Amino acid sequence: MAARVQSEPFDPALVTAGLGDGAGALVTFVGIVRDDGDLSALEIEHYPGMTEAALADYGQGAAARFGLTGWRVVHRYGRMAVGEQIMMVATAARHRRAAFDAADYLMDWLKSRAPFWKREIRRDGSAAWVAARDEDEASLARWQAGRPLGPP
Amino acid sequence: MAARVQSEPFDPALVTAGLGDGAGALVTFVGIVRDDGDLSALEIEHYPGMTEAALADYGQGAAARFGLTGWRVVHRYGRMAVGEQIMMVATAARHRRAAFDAADYLMDWLKSRAPFWKREIRRDGSAAWVAARDEDEASLARWQAGRPLGPP
Amino acid sequence: MAIEVLYFAWVRERVGLPRERIETGAATIRDLLAELALRSPGHAAALEDHAALRCAIDQKLTGLDAPLAGVREVAIFPPMTGG
Amino acid sequence: MAIEVLYFAWVRERVGLPRERIETGAATIRDLLAELALRSPGHAAALEDHAALRCAIDQKLTGLDAPLAGVREVAIFPPMTGG
């Protein structure tokens, strides 16, 4: 299964195992809980059922649009400490442009259209939901020039 | 040492070890000998001495331009069979845009400005030097708008 | 008709429930939000600002004006922050 | 002056040597190429089409019109195909 949603950590080497077969280019993106000074952890909530379907849908969309030879998405939910891996996208293609663009495109979809919500837990114990950023919407909109993409 | 030139295979997990520390985004690109039907192997020649300096130079340039928290480049030389890994770029940054752009930028530099030359060995034993492609020059030129970059 | 309504993130926290089953004759999600907002002060606080809400019908993202006829599951949530 | 000249890829193959030490008074790489081309038919075949050549002086990429004064090492090669 090319898309996985799980609470456990993942090993990027296992996620990409075999993915380069027949390809010339393999791009990976790993998102990490960033140390911004007083962050202790992230908590990620998701929409069981819809999440898996959405990741598979976006991955298949990227594969078709960019002619990928393969792709994988793993996204965690639950609590993750600073420094832990949150999620990963891997795209394989014959040429580097397709692999880079597909990974970039998938990240834009995941940021703004996959049903995950992040909550930041500070070292003092306070917590706050992360607000969506206009620049993530703008980044996603880059791909929509010329033809409509996916849900409204 | 963030740039390495070697004939031996490399393990992407070892190349990126520790690279995500303090980052929010880690992008990797791995180039693989692509099966194009009758290719048997690639032979890569390089310019010892200059190669190491050029990779370090381009990596440091990318780190400065995109504000990377870290980067690694490994490039092999010698003979590689179809399916083998040729080279790898890894870029780490606080945000995904910088990590993606820096990896893309470094690949453009390596394709056209690092002193490597590829020769394709066909299954029938014939061999031919790979010609540089105009589209690789065009891809590199994308980054030059606004300010001159590196050597002429 | 009976619809399962799911809430996520701060919408869930303000409503005070992760999900509830309701009977409604609402034609669209926007109409449904107006109905739900009358259920409690928590519902009102969660659902009053439509611009801050996103929704899915039967696990597919959609707009607030999507029709509800034949729908089994509606989810209401803030803009997503994955990745 | 004495300069070490290095050749790579098909330039090396056509010249028939990976490197050679030469005495030259050439002012630029372009002048040096013209001198080297007289050394053998292989040199001529390798070096006649300047548009197909790239070069480095003391291991830094440069243009064919770069001056040679004080230079120790010049490398002549086809466009690079790394990555």
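A, B, C and D are the chain letters, set down in written order, and residue numbers restart from 1 in every chain.
Methods note: a contact is a pair of C-beta atoms (placed from the backbone, for glycine too) under 8 Å apart; a residue touches a chain by one contact, two chains touch by 3 or more.
Predicted model, so just to flag it, every value in this text is computed and none were measured.
> Listed by label, which chains are in contact with chain A and with chain C?
Touches both chain A and chain C: nothing.
> Which contact partners do chain B and chain C have in common?
A chain counts here if it touches both chain B and chain C, which gives A.
> Tell me, please, which chain's centre (mean of its C-alpha atoms) is farthest from the centre of chain A?
Checked the centroid distances; the maximum from chain A is D.
> Determine the centre-to-centre distance between chain A and chain B, using the mean Cα coordinates as centres, and give it in whole Å.
Computed from C-alpha means, the inter-chain centre distance equals 24 Å.
> Compute the distance, rounded to whole Å, between the mean C-alpha positions of chain C and chain D.
Between these chains, centre-to-centre, one finds 71 Å.
> Between chain A and chain D, what's the gap in Å when you average each chain's C-alpha atoms?
Measuring from centre to centre gives 48 Å for this pair.
> What are the residues of chain A that contact at least two other chains?
In chain A, the residues touching two or more other chains are 31, 96, 107.
> Going by the touch rule set out above, which residues of chain C reach two or more other chains?
83
> For this entry, which pairs of chains touch?
Touching chain pairs, listed by label, are A-B, A-C, B-D.
> Using the touch definition from the top, list the residues of chain A that touch chain C in their complex.
Listed in rising order, the residues of chain A that touch chain C are 31, 44-45, 47, 49-50, 53-54, 75, 86-87, 107, 110-119, 129-132, 150-152.
> So in the complex, which bits of chain A are touching chain B?
12-13, 16, 20-35, 83, 85, 94, 96-97, 99-100, 103-104, 107, 139
> Of all residues in chain D, which touch chain B in the complex?
That would be residues 6, 8-10, 12, 56, 59-63, 75, 77-83 of chain D.
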